[in-house]
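Labels run A, B and C following the written order; every chain starts at residue 1.
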């Protein structure tokens, strides 16, 4: 099976904007090509109030996450505050571009609310740091094509947090059911001004 | 002495044992793996299979500088490039860094002025390599301080 | 090592050559970009589609980059490269013009870009149309990824450049007016949008005129608006089965206290 390194372990992620809220979701599969290895490999991390989903080669997912953990902690010490989503997006972009000629094979998605303005923010990246700013939804991972289709039809603007949860969950579930490399459970974060709700979804296990 | 603008595409013709890691003080012929923290080092992996751009980019600034100094030598005589290199080395030896620049700027402004880089920004100013830099360990620091 | 890192190269090379993987695809702008001089100014325009292979990655991306207030640049090729290289040159030009205390010139921007791209031997895949006005007049240049440059009155670049240049060749004439030039560029971009698969969505435009501020027209034309959905697929709450949920609070609520100006106890802290 000839494929690119970012499909070796499988996995997908999606983020959506709602009314004063954002949601970010991922599947839980870690595989070695067609062999499933783990069903609790969470691909969503958070640095303060900013959420980051990392799909792609699992070894790089972990390296990149640890790298950003260091950088956001240094940022927090220097600035005496948590990093905002917009700044974090630029941090990711420049960090990935540093490896322009020896890239990490990851597909990141950022989601969060700006603490000052309260505005929802999501964006996605290619593996060398080109930012894709979107006002509606962002997808990444091996099921990205399926997710594109699901989101294009299911997405509505200005959904309330509870409705946004249903929409993003159904989009994720339907998409990963048609991708052999993704699935094996799912996790959804719905982020609002005063709380974050994390839900594990009941999914197929094949 | 040449007037090259672009670095030569050249593979290393020879490589020393201790070229890619610190030599052990007690056995100067071998790499001190305990100190470098790397696994026993394969020189071939340090030399072969590098990105085609890597050596070009690494040697770029030096090539430009050599060209400039060579031009000065031909125009003003050898004293000029010697003076410039001496000044550069004096600045490199001093660790004066205005606090104004904070922790972010790695290069010193004096060095930038001597290298005629004070009004340019390259990737090396943005990606300073700060995050990959290994902190010097206690022993190395002590040996440096005591001149061992 | 400072600068762009080559650290993962050997590992990636192994993955690609020995382990039989193929390298992943970076986002490409696909792109139709054009530039056109008019009587005392210059206009550039671009489509807004970004692609990853056959997938439309971004339907409304920005391909017009500001290098200085009156020098703008349209980018085709690898999206990350066009973005980063223009940002770098933007900083350089700003620093340069502050040091010289002069308005930046378009030739300086072009020279900096071509020298940078030449250094990277075309591996930085940025194909650019640089345009702007400076004290020496309006200028229009194109730069290829290997560092070669062209000067012209009208030009197009990117996968839709053939469609666009056809329109430009047909309709361009010397001493166009500003409105004619804008119309010509918009038509050329639309030729790319409709006839090239790598280009699509909207027309962005930037007009730079002598003695005036540059004008960016984001979504100058939107010939591909999606029809509003007549009904929706909203799910009833509780549709999705949830195994377990946890609620936590990590968003710090920042409350800023306003200190009235001139009050006596406001400045007590600073001694």
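Worth a mention:
Criterion: a residue touches a chain if its C-beta (ideal position, glycine included) is under 8 Å from a C-beta of that chain, and two chains touch if they have at least 3 such contacts.
Given the structure is predicted, the values throughout are model-derived calculations rather than measurements.
Placing every chain at the mean of its C-alpha atoms, the farthest one from chain B is found to be A. Here the chain at the heart of the shown protein, by mean C-alpha position, is C.
Spacing of chain B relative to chain C, judged by their CA centroids, is 35 angstrom. Per-chain CA centroids place chain A at a distance of 24 Å from chain C. Note: centroid distance chain A to chain B, computed from Cα atoms, is 39 Å. Residues of chain B in contact with at least two other chains: 51, 53-54, 126-127.
Looking at chain C, residues 4-7, 9-10, 123 sit in touch with two or more other chains.
For chain A, residues touching at least two other chains, in rising order: 94, 98, 101-102.
Partner chain C is touched in their complex by these residues of chain B: 45, 49-54, 56-58, 60, 106, 118-129, 132. Interface residues of chain A, counted against chain B in their complex, comprise 67, 70-71, 94, 98, 101-102.
Taken in their complex, chain C has these residues touching chain A: 4-12, 15-16, 20-27, 50, 52, 55, 57-58, 61, 78-81, 83-84, 123-124, 229, 232-254.
Listing the residues of chain B that touch chain A in their complex gives 51, 53-54, 126-127, 131. On the chain A side of its complex with chain C, the touching residues are 2-6, 8, 46, 48-49, 82, 93-94, 96-105, 113, 115-116, 126-134, 144-145, 148, 153-154, 156, 159, 162-163, 165-167, 169-170, 173, 191, 193-202.
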